[in-house]
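Next, two complexes with chain A in common: one pairs it with chain B, the other with chain C.
Now for the complex of A and B:
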């Protein structure tokens, strides 16, 4: 069944929150609608679901990879050329720490940047429904629903106080 | 209420959220005459710098590090100041300060200069003396003093280059992540090449709850990494290109002092830019005096920390009284570069301290900005003193300084390279302001939700919401 986006525009954030409640009451899954804003609103301001993400896994994973590479690089180099310097052991931590710290940081940074791109879903090719009025402070309630439910959702959004309801084929400013 | 209003005049500003986007888009596209003049002057300075660099390379080549002291000093100054600048936004975003909102983009935009830092570092890879002494004998050491111990693969050149390069990459990632909501807005209001660029940079950003949460979490993680990595890069550069080139200089305080000078100077530079924007740039409705007042207290604290670390550095060597320690003090503090140290001390501590100590000055826009000018000059003198001194301290493979070397003053090519470095950084920054809005639009809009004036008994006060 084809799913289509529909966007309700609200001048008042309270009405947008009420639209969210009305959509939930109408049986629309919370994963099927989202609030589009031009600034970060406090968590739960619209009564929306808590978004879970796994971003924090990426830096840890990256750090682990970098740490392993750093330890291997320094220890294997020293084992391959076992020169005793100043009576210190072949595998001594202070000289290893310098390289290991840098390799750990480099890897953690790379993994974090990749993680942000992945978790934000930023490199998405298909463009979504949008309206420039959101940049002027309007709140967008974006609903993805079955084609035959579009009219019902549109009515819910309008009843909640949407100043405009935008559909995909409408001639509206889009990103 | 009237008395209270007079007391707070200009202290807080409340931009209209619905007008910020349009206003910022217009300001980014505009090319006022002072901006054209500034870009032209920066470009001329850059050309002078290139001439100075080519002349120095032709005259002296890259085999001896001594002639490159002033080049190293200006590189270090730029790395120290522009590298630390993005941290100002990150730190105050961590602490959820509302007053920092107008300075976020000004601070993060310095990440662009990271590309210049990396380019300027490349020649320094060639001039740094090898760690292994090619002519080791009875008097000289086999390995010169270094943090790289047994000299692992690529050390120090490639590890230093990786550090400087990744600091630039990390800074650019932070700039992109912090500005992606504004770039997404800009793609809707611009056309032509600008629109294509903004669309590419903004990707699929539409301001969903998930995207805002990811941005917040991403900035927190990258910000923490930036701090950890900046301190590391400051440590390796100040050690490899400063401390390890002066025979017998072993000091754990110097890398800390280096980082501290960077933090102090970067905050000073940001205050100067904020003052210019407020006074002449048409940003008065976005920048209240509260920003200068709040930042000035931190600048005052950093200035006092600076003098504490300088004193700690000096007293350890003064009390040690070994010949090499006395020679280093004479070289960098009292004899060879004594005049430059006095000026450094005046600009990095005396002037900002006495300016910012005075409450009526601290509660203005010009007072903290003037202190910013002072600490910036102080940081430049600090780098000239340390790095020109380090590059001209004699045989790097000796155990200790051989007497007290004389100061080396700049020739015309050195002056060209110093002003050229400053011009190049300014040119990159000014060009960046034509692409990125100088005010973080989304942060100003967010701030507008959480700040307003309210009445309490007879007075009118700022009411701040803390959503977390």
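Now for the complex of A and C:
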């Protein structure tokens, strides 16, 4: 059965939250609707579901990779050109620690960025239903539902206080 | 501390995107003028490369001078940015909102400018490809089995700066995603396509916002240790040198870090004042924000003064002949003693006198003077660490020297300020220097509460 998106635009966060409640009561699965805003609202403000993630794994993984690269880079290069300086050991730990620390942190940060992109599902190549009024402060309630339920969902959104309900192929959708 | 009124999102967009969608008439003439100064400096650098380092004032024993003073200065400025942004984010300080982006962008541009200085200082910049050792797979004369000496702080330094620059750029880019989407929605044609591509399909759903917030906190926590390491390692360029008495000090790392914060936060405060004035962002960069920065600076300045005092007193207390010779040079010989007085006065006493008075903290002209004063002082601090140390490096008086900058050095140093200003202006022309979503979030969380007979502004804060 074909599924279509529909977007309700609200000026008030309370109305948007009520629309979410009404959709849940009407049997729309919580995974089938989302709230689009131009600023972060406190988590759970719209009664949205808790998002599970594994972001915290990424920095640790990155740190491990960076640590390994750092140790290999500093130790192997010194072993490759074993020049004794001031009677100090070839594999002198304090200077190795400095570069290893930097490579560890760099890799942890790069992996964190990759993790953030991955968990945010970005870049999003497929363009979904959207309205530029969202970045003007409107709150969008984006619902994906069966084609024959579109009218019912549209009515729910309007009754909850939507100032406009946008469907696909309208001019307001993002170019 | 919350003085602003809640503004509708449309007005926030209109006001904060004014620099991009409706740039002021002075914009391009000013950029052209700054570009001209930078071009003149490139000419001066080209002349120096062609004729050799002999056209500078550097000579034995002072072989590190203006360029490296300026290098340390710009590294210091770069430290404010991410540090300020990271600490204020982690502590959820409400007044951080308009300051974070400008601070982060200033970090990136001042780091880039700082990196130019040692390149120019070498006299043969093309050979510095061998420094780019921290980037994997860049050849370092593999054929002869020669590798950089990781025991040298001059190798630690590029690795730290490379890490800090990469991290800062990524930090700024991630935080820009929601604002790119706003620009995508407000532009047409080619700009729309470019901003659309840069926004990566951002639509502002709950999941994206959740990770945007986590990103701010997580990256702040990861960048803070890098920030501390970078200026520590820059200080080790000097303090690991056994042969220069006044440099070989264990206090240098914390002294440099706190000095960097001092000059950097002052620079951010000054940039914010400038932005407020030139783009008319009075509703966003308010007196409370500048006041907040000034209060933070009072603590930072005092901590810096403590380290400065310790550094000097340790030098005197040992009563070693070469250390005393250096201190005598700094404190009794003209014009160095005059520079010393100007440095201490402008870094600590003048700004502190201003910051202790509330009306002065809220007067933008006076605050600008205080911030510029700190940065003049902090530039002199690096100058007075590097040059006298080298001038009195040797034990015997016939090996002592001094330094007088040449016009080439003065032009290049002057132009670095023009370069950073030009890059900041160009950034403001294409991307917002105040994070729109952060301002809007602050407005969402603002409220008023009744306490007894008084209604006071308040802000909700999530833990």
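By definition in this document, the second predicted complex is superposed on the first by the 155 of 175 C-alpha atoms of A that agree within 3 Å, B and C clash if a C-alpha of one lies under 4 Å from a C-alpha of the other, contacts with A are read in each partner's own complex, and residues count from 1 in each chain.
Everything below uses one rule, namely that a contact is a pair of C-beta atoms (placed from the backbone, for glycine too) under 8 Å apart; a residue touches a chain by one contact, two chains touch by 3 or more.
Keep in mind that this is a model prediction, so the values were computed, not measured.
In the three-chain model built by superposing on chain A, chain B clashes with chain C.
Touch criterion met: A:120 reaches chain B and chain C at once. In the superposed model, A:130 lies in contact with both chain B and chain C. Touch criterion not met for A:47: it reaches neither chain B nor chain C. Residue contacts after overlaying the shared chain place A:80 against chain C, while chain B stays out of touching range.
With both structures placed on the common chain, the touch criterion links A:69 to chain C but leaves chain B unconnected.
Of the residues of chain A, those at positions 34-43, 46, 48, 51, 53, 55, 59, 73-74, 77-78, 83, 85, 95, 98-99, 101-102, 105-106, 108-109, 112-113, 116, 119-124, 127-128, 130, 132, 134-137, 140, 142, 175 touch chain B in one of the two structures and chain C in the other. Residues 17-18, 21, 147-150, 152-153, 155, 159, 162-163, 166, 169-170, 173, 177, 180-181, 184-185, 187-189, 199, 203-218, 221-222, 225, 228-229, 232, 441-443, 445-446, 449, 467-468 of chain B are the ones that touch chain A when the two sit in their complex. Of all residues in chain A, those touching chain B in their complex are 34-43, 46, 48, 51, 53, 55-56, 59, 73-74, 77-78, 83, 85, 94-95, 98-99, 101-102, 105-106, 108-109, 112-113, 115-116, 119-124, 127-128, 130, 132, 134-137, 140, 142, 173, 175. Contacts from chain A toward chain C in the complex involve residues 13, 34-43, 46, 48, 51, 53, 55, 59, 69, 73-74, 77-78, 80-81, 83, 85, 88, 92, 95-96, 98-99, 101-103, 105-106, 108-110, 112-113, 116-117, 119-128, 130, 132, 134-137, 140, 142, 174-175. Those residues of chain C that touch chain A in the shared complex are 8-10, 13, 134, 136, 145-152, 155-156, 159-160, 162-163, 166-167, 170, 174, 177-178, 181-182, 185-186, 192, 200-215, 218-219, 222-223, 225-226, 229, 233, 436-437, 440-441, 443-445, 460, 462.
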